[in-house]
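In what follows, chain A forms one complex with chain B and a second complex with chain C.
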Partner chain A sequence: MKRRLPLLVDVFSFIAFFVYTVVFAVVILYLIRRAGFPFTVESVFGSADPVRALLLREPVFDGLFPAISGTFLLVVISVGIAVPVGIGTGVWLSEYAKGALYHVMTLFLDILAGLPSIVIGLFGFSFILLCHRLFPGKGPGFSIIVSGASLSVLVLPYLARSTEAALQSLDNSVKTAALSLGASRMENIRYVLLPKASPSILSGILLSIARCAEDTAVIMLTGAVASAGVPSGVFQRFEALPFYIFYTSSQYTCPSELDRAFDASVILIFLSTVLFGVSLVLNKTVSDPATEGK
Partner chain B sequence: MQRLTDIICRFIIFSGALISGTVICLIFLVLVVSAFPFFLDNGLEVFFQPWDPVSGKYGIFPMLAGTLFISVPALLLALPFSLGFAVFACETGPTVLKKPSMAVIRVASAIPTVVYAFVGVFLLIPHIRSIAHSGSGYSVVAACLVLAVLISPTMIFFFHDSIQAVDGSIKAGADALGATRSEKILFLVLPAAGRGIFAGIFLGLGRAVGDTMISLMLAGNNVSVPGGVWDGARTLTAHIALVMAADYESPEFRSIFACGLALYLFTGMLSVLARVIHGRK
Partner chain C sequence: MKIRIQGLSFRYKRAYVLERFNLDMPRNRITAVSGPSGAGKSTLLFCLNRLWEGLYPGNMEGRIRSFLDNEWVDIYDSKVSLPWLRQKTGMVFQSPNPFPMSIRDNLLFPLKLAACSHGKRTAAEGDLFAVLKKVYLYDEVKERMEAPAACLSGGQQQRLCIARALMANPEILLLDEPTSSLDPVAEERIETLLTDLKSECTIVMVSHSESQIRRVADIRVRIHPPRPA
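So, the complex of A and B:
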């Protein structure tokens, strides 16, 4: 029986390699062909003057600029919230947490990492409803700030676990040298451990940015809309690249709108590939955000 | 000054940990509290009832079934190929292709979910429509195929790491005893990597169950238990995304919290299982 399958595994693994390579190549080539790479300035700024649009002097109605700026602001807000909390949690896990408390926190973070993003969106959504019920007319409505805060919950576990892993992977002699010279635990963390681990921590942050930029389920429940223009404040509804792609796929009214969605897809892929690439260079051990720190 | 920055750092670290813990508990609590009125009105049997608002039934059984019918076949389809790919990248592939093959998977994992779904709508759906000869093409099979592609990179990374971590002495022993490469991989390397492989399967299933965009954009969103692979279906995640517009006090609207709770419990269970099996310290 065993003798009959000398090449089975070899052949099958080659088939698997071939299948995936073809599938992914087809997806990427199809997108690039439809987007007409390299795409023109028109797809971003439409009929508006690019310089005036960038200076926010002229609104863009038929281009991706509002969605790009929405995604940019969204990433700034969510990463701005998630970085201090996530890194703080990671340092706590690595340097302070002991025994049962450590187990409970890592269990919580594992559960959070496994939660579907729509459930986190639902949480942000319920939060808005709750605010409306408690403080009628006062609480934050569907807005970019709520979306950003919800996205920060989404990336929190990656940041925490990757910071913890970065600190843990430092050489023992590095970890103890300053302590043995009389530095306090906090001085050791601030002047030795965090600077030494900063490339790996930065790579975790880059992966979080990619995750925030691509997620659709969270923002569609918390404030993304099809047309809002460039965000004028953090309590406003907003446009975003992934939401534009989702919305256009079923609601496009003319071919040029659909073409822009292909451009938006290529922009998103380009963005996340660059972020993944830089993150990989920074941290050779990084594999996938989903398995990060596992 | 020194003391002040010290206090600030300490504050960030401990409040960070405190916020993380609180938020995770808060999500569960908010879901339970929001779903409570729905369960109070409709009972716990909503999990086994059909969705039929006309006769006052707001059961989420069709969504549970839809989630299951889309995610489990997607996992079963992706599993052998992911395992094959990981074996290729670790063992059977030619040396010049091992590293580039994992680079392919890195790029694949950088493709956003919504882009996979978008490509599915314009590349896959027309073909499915012509093969099925009827219907719109938005079906269980379309969502399954794209979902299988989506969850593969996650599983491949996990399988790759587990197979890499297998003790070299096991492989050397098999070679010394004259085992063929297939025998070595099937009967020694894969069983030795078994825990990691199972953990990867649980994570892959979690991603498949939790995915929103692919089932929302490709599965057709019919609220009935799918009768076959060419039928449309609605998943728990898509149901949450779709009921947005309804009145906030209506049972239609409140049912989304029951779906959220079901998703929370199921994916939480998978995360715990993956953790136990993988033997995290």
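So, the complex of A and C:
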């Protein structure tokens, strides 16, 4: 039995990989077939003029453009908030935090990372209710800014922990080289540690972008609606691809409406694939050639 | 003399790594420190430029004085500026650690730091090339000064790290097993370089290789781990 165990593990690994790949390929091919890839201009802009719609001079009522632009804006806001805070937290954890405070903070971040996104959505929802109670008619309501801020809470632990891991994985002599030349701790972090760890940090950022782009639970409780058009400001309600898919697939009245949901899902997959592709390319180009292949 | 160590003890928590260690190191000589793993060789180097501070939860007792800028300085005196001390006491590590920037920027890095701490930055192209020639790297990199330093071979990277340390004009150069990760050809080049450099600065080198110590060292020091209490 002991002799056969490695063979069994190999066979099991191969079968698992094969089944997973086939299922994944079948689902993707089915989605693409249903969506009628490649998309027509109509599926994105509906009956509106594409150029005027892109310039926000004509509203789009029956296309995916508001959901695509809403998703894009949502990602920009959430990642814009999460990246500086997350990287800062990661740097602090790796380079400054010590003893009990470190353990408390990492425990807190790990718990936060394990929270279901609906709980983060409820957090944003409660925040809006609290603002309504404290500042009636003045506080931020259901809007893209609250959704973005809530999503930033969702991805913050990933960013902080991935930054911390990236910095801690650096060789000790790299960490001390600049210090030995007279650099301060901050100069060391700025000129050596962060650039050296940037491939891993960039991967963390891109994964966070993908996470923000695909989450539904948070935005449906904090500001996403089925038809809001392109948001004219950050305090407006908005449309987003994942919510559009959820809403359309659960409320469709005719097959053509359901096909729209498939269109949106393929766009979302395409967006995620592009992001992962960019992540891989950045990893290759930014990473230190000396350490590659070792 | 260049460095005077008196009654140096160093402990991590309760475990002593160095205990009541005394040593005088003469100027413009290569002092080679050897000993078994855990004997405190690297810790000794880290004590000479205070690099352990803020990095390791250690505790140091004793006195270390270095003859820097023509006067004896108690390097643990609160008046001593850490950037100044570390610019005067350069260090090269076991594995090559070029910064994630170009060859030129690696060499200019110590000057950039000096500009931040003293407000001066003077490096002509000639200075860079002079240092590169000193470490026998000029011919190999003169055409690609803007290339990432990580593109160099291991031996070239280590010589670049020595050149980078030399850019700050150190009076003391600490080397922590500088050839242990290199092939014999690169090792020989570094040894020749060290022999040349001792006319300019005092070198303290940790090495596991007895043959290397015989080849390059003027003074040999063997340290042993303290006996457990």
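By our rule, the second predicted complex is superposed on the first by the 257 of 294 C-alpha atoms of A that agree within 3 Å, B and C clash if a C-alpha of one lies under 4 Å from a C-alpha of the other, contacts with A are read in each partner's own complex, and residues count from 1 in each chain.
Keep in mind that, in the parts below, contacts are C-beta pairs under 8 Å (C-beta built on N, C-alpha and C of every residue); 3 or more make two chains touch, one makes a residue touch a chain.
For clarity, every value in this text was computed on a predicted model and none was experimentally measured.
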item: Partner chain in contact with A:S180 - chain B first, chain C second, else both or neither; value: second
item: Chain B versus chain C as contact partner of A:S117, first or second or both or neither; value: first
item: Partner chain(s) touched by A:Y191 [first = chain B, second = chain C, both, neither]; value: second
item: Touched partner set for A:D171, first chain B, second chain C, both or neither; value: second
item: Chain A residues touched - chain C or chain B, whichever exceeds; value: B
item: First, second, both or neither for A:L55, with chain B first and chain C second; value: neither
item: Touched partner set for A:L130, first chain B, second chain C, both or neither; value: first
item: Chain A positions touched by chain B in one structure and by chain C in the second; value: 184, 187, 288-291
item: Interfacial residue positions of chain B with respect to chain A in the complex; value: 5-6, 9-10, 12-17, 19-21, 23-27, 30-31, 34, 80-85, 87-89, 91-93, 97, 101, 104-119, 121-123, 149, 152-154, 157-158, 160-161, 180-183, 185-187, 199, 203, 206-207, 209-213, 216-217, 237, 240-241, 244, 248, 256-257, 260, 263-264, 267-268, 270-272, 274-275, 278, 280
item: Residues of chain A touching chain B in the complex; value: 2, 5-10, 12-17, 19-21, 23-24, 26-28, 30-31, 34, 84-89, 91-93, 95-97, 104-123, 126-127, 129-130, 153, 156, 160, 184, 186-187, 189-190, 210, 213-217, 220-221, 242, 245-246, 249-250, 261, 265, 268-269, 272-273, 275-276, 280, 287-291, 294
item: Touch list for chain A against partner chain C, complex; value: 171, 173-185, 187, 191-192, 195-196, 198, 288-291
item: Complex contacts: residues of chain C adjacent to chain A; value: 49, 51, 54-55, 82-87, 90-91, 93-95, 97-101, 109-110, 112-114, 116-117, 148, 150-152, 157, 161, 164-165, 168
